[in-house]
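Worksheet: one structure, shown below.
Should a chain be cited, it is by its letter among A, B, C, D and E, assigned in written order, with residues numbered from 1 in that chain.
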């Protein structure tokens, strides 16, 4: 579904964070959101999911965004795992909650598959406080991937992973996305990640920003990181970012 | 001070995590610790700081490590900020606690400087639950940098920072380290980071690992990232890591 | 849950098999753990109430407060009470009447060897319940030797056993308690300085709710059963009623052989002079705002 | 096992202290443990079983009622803030009322039997449950609701997956407090309209100044309470497994 | 402001309910609010000021004592586990004892004066404080100690910077419960050795069956309690500022 954000304004405490922000993500588009720490990336997700009061018009296709009517999935920056639910329960919970019903056998299997792909199958019965940081992040990822949302939001969702697991998680994201393309908001500090996964980039600064195309947008997701232009583009992006964020 | 770890063995729950691990970090050395998610990097810090019962012999110079007798500083993976203390209080706290006394004027000034360098000076009076993820991490970094420890341990301490702030934090780390070199354990998933800051690398896997020299160890910290060999070394390390972690 | 009533009946079955015929009138009477309640228990145990076609339940109360709560809330048809409390009932506009005077008694008890007579109480600490019958009695005793409440130190101790203990430990010099506490205190070494005569001086009463007071025939039957019980009591000796004395009245079993029952009197009206004095006392103590008319509280 | 030995040790220590206190006081009002334990056989003759039975019956029902009223109310005050803004002051105004003063009203409505007693104990304990559950629910960090809300959880799901597990420890504290208080109030709820119950028994023996038997009753009461607390602790260990690190 | 209007609304609603109940019951035992408020002028003649003063004096001291004993004990049980393993069973065994049964012993040791009353109220409330503080401290996540320990904190610093702020909300709950309970127990602690105190006043009017005046006393008690609760709430808002998101 197409995500349209128009004139989004949000305040944290008494400090304005998002100032009349407008952008759009086409159906099945992946928008990578970059921006300095503390600029309002997480706030953007909170405002979109209505966890934070905000003004402005946020729509999925034609309907205003509402978690009770659309299916939203988020990997929050702090993972947001419920400490009193096991890993398996945490992964299954939003799916169960969003359909207000137990999982059927096919869904159970899908959950198990996602967990296996992220290497947390053998942790299924553990409680979150017995996991390492990266394992917790993978649980949060599995939880998002196990759903079939209308809008997927990842808030620095790969930051605590080692290169190998990260690559595997990218792969899983790509294959899931290819099997069932979903409009995605990908918040990251990692320029490589933004280029590797995003169709377009939004560089957020002082509560505002413009969407710009990813120079590698035409290269298929699966081969992008092998593309010769990848690392030069990272270097170019780094320069742009550094230039724009120095005040 | 020289850190010597001999035969360190630690268990989490009923699962052995560190198995007879031995390594040494020379005085003023920076050891970058890499390893797959869930392999025991955080456990290593917990064992060294005696937060987790373990067997083996861990010494700083000749004395067994003991937080009550040596001055240890940690940036934990989950930041470990006290929610009931403001940013400024959080930063000052370990310093105050380790000397069992209030800060003197010089220390207050040092604290303020570190906070300014990390761009959190204007957050001084906020409580941690009103900070963004990256801001929290910077508070944790400031807290560690404000101390003059015998052993500094950073657990993925730059993971939530945007490239600009991260570069600034690297710079701060380097300048602090040059002003007062300290034996450092740097846990990271970021190969660039390991190469940029580490003297030596420890790739931890299945609770064991060998220290290997950083190919760039001879290049000064300040110029390392501009060194022509930097990116090829990253690529090489990536290959080694991927090869060693695939089972 | 098994009903407690049934539990009691099975315990009491040894003495008498219950008649199965349903009774005309059901009455709920409140009793205190004091000798003036004994005739009621005897009437119940011997079946005198049943003979009068009364189905009586006796509700024992450990403290006057609980009894008065039950009285005020209309849970009781009659209750063992006293004249000053009756004034409070009047003050609360409950409309309760006196069915008969009872043979209760109070004593001034002390454990100080120096206190032998009421006159020795001058300046001493006396524990009681202020503004209540025990204090009313104390006032009259003091008046007899030309003293008043001002000449002693009255202190309130609501919990009777605590009162006894304080006296025994000489934390206070004397106290006013009714039987069986007097007996208990005596058995622990205290001595009685003065004691009201349960026959001549009657402040305890059986009071009845307005509804029952209006049913002349029923009160008559109630008092008939009472009189029957008094006869039985006066004919026997304390040990004949051991179960009642220990279980319902609260005498420690060891004391029963020493208990001497008073000579119980038949149902009768309380002397107007006593009522007048009690009501005057109630007015003086602020229990009531107006002086009550003794005629108003008699059965019609 | 270690817990059991520690408990036995504490029991022993408590008895020693008691014995010491009794010897120091040296009055019948505080008999030594030996005197009291010697009185234990008499308890049987006094139908201690029935006293126990009736007390447990009254305790059980009143705790069930205060839990059934208090826990939902405590949760609602926080989770339905508009409702809470009305109920909160009502709780503050009614909690400290001396419930005994309402005895006449309770008797008026419920008579002299078990229901009056159950209502009294419930009235006394329900406020403690409301307040401690409310405070526990208030301490639930806002973060735990976020994921569920984003997933479109309804009120029931928010309750089942966040509020309830997050405040369960507080609920158990509330029940512990209520249990202790309920037991301690037996002595003034079981003194009318009954001749059974541990409260009645203890007060009756007190009235007779039979201290050894009175203390024997108190010991039984303490043992019962301890057993009930142990049950609550076992429940807690089970339901709060996830907290063990 | 909104809170004030809600409170006033609740007050009004409570009075309406009371009025309705009184009309339905229709007995002097539950007078209507109007009758009770009409009796208010009489309170002055009854020296309500002194009754208030004495009750507050006793309440104040007993709460101070139970806080001074209960809070450290509750914290120590958790933070000094070896000590706790001994004390915990003692608390469980002694909490439910009917404290009134210990009245003779207390009187023996402390006489009839204010100290006996303060001891009684303290004995009743201290256990609630111990248990709820203990449970609050137990819920402090282990993580908050880590940084301090790594920095070499001593016991006092661990307490000052972690245990205490983390369990402060629980401590305030404990004080709230203790306050409510303490007020509710005045009615049986102020019935010996005194002619002053709100508990005495209420019981005395009960003895006279002067229900309007008795309820007037109860209303005063409720108002006092409400004011004290409001103070506690204000303290809480101040010290728990860091929780506001």
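The rule is short, and it goes like this: contacts are C-beta pairs under 8 Å (C-beta built on N, C-alpha and C of every residue); 3 or more make two chains touch, one makes a residue touch a chain.
Predicted model only: the values in this text are computed from it and were never measured.
Touch-path distance (fewest steps) from subunit A to subunit D is 1.
With centres computed as the average of Cα coordinates, no chain lies farther from subunit A than C.
On a Cα centroid basis, the chain most remote from subunit B in this structure is C.
Between the CA-based centres of subunit A and subunit C the separation comes to 82 Å, rounded to the whole angstrom. A straight line joining the Cα centres of subunit C and subunit D is 35 Å long.
Rounded to a whole number, the gap between the C-alpha centres of subunit A and subunit E is 50 angstrom. The multi-chain contact residues of subunit B, meaning those touching 2 or more other chains, are 78, 130.
Listed for subunit E are residues 27, 29, 100, 104, 108, 188, 203, 206, 245, each touching two or more other chains.
Those residues of subunit C in touch with two or more other chains are numbered 65, 68, 72-74, 161, 165, 169. Touching pairs of chains, sorted by label, consist of A-B, A-D, B-E, C-D, C-E, D-E. Per the touch definition, subunit C reaches subunit E in the complex via residues 64-65, 68, 72-74, 88-89, 91-94, 127, 129-132, 155-159, 161-162, 165-166, 169, 171-172, 286-288. Across the complex, subunit B is touched by residues 143-144, 146-154, 157, 161-162, 165-166, 168, 241-243, 245 of subunit E.
Within the complex, the subunit D residues that touch subunit E are 2-3, 6-7, 9-11, 13-14, 25, 27, 29-30, 85-90, 92-101, 104-105, 108-109, 124, 127-128, 131-132, 135-136, 138-139, 142, 169-170, 172-173, 176-177, 179-181, 183-188, 199, 202-203, 206, 214, 218, 221-222, 225-226, 229-230, 245.
Contact residues on subunit B toward subunit A in their complex (touch as defined above): 12-13, 34-38, 41-42, 77-78, 130-135, 137-138, 156, 159-167, 189, 191, 231, 238, 241-242, 245-246. Per the touch definition, subunit B reaches subunit E in the complex via residues 49-51, 67-74, 76, 78, 80, 82-85, 93-95, 97-98, 100, 127, 129-130.
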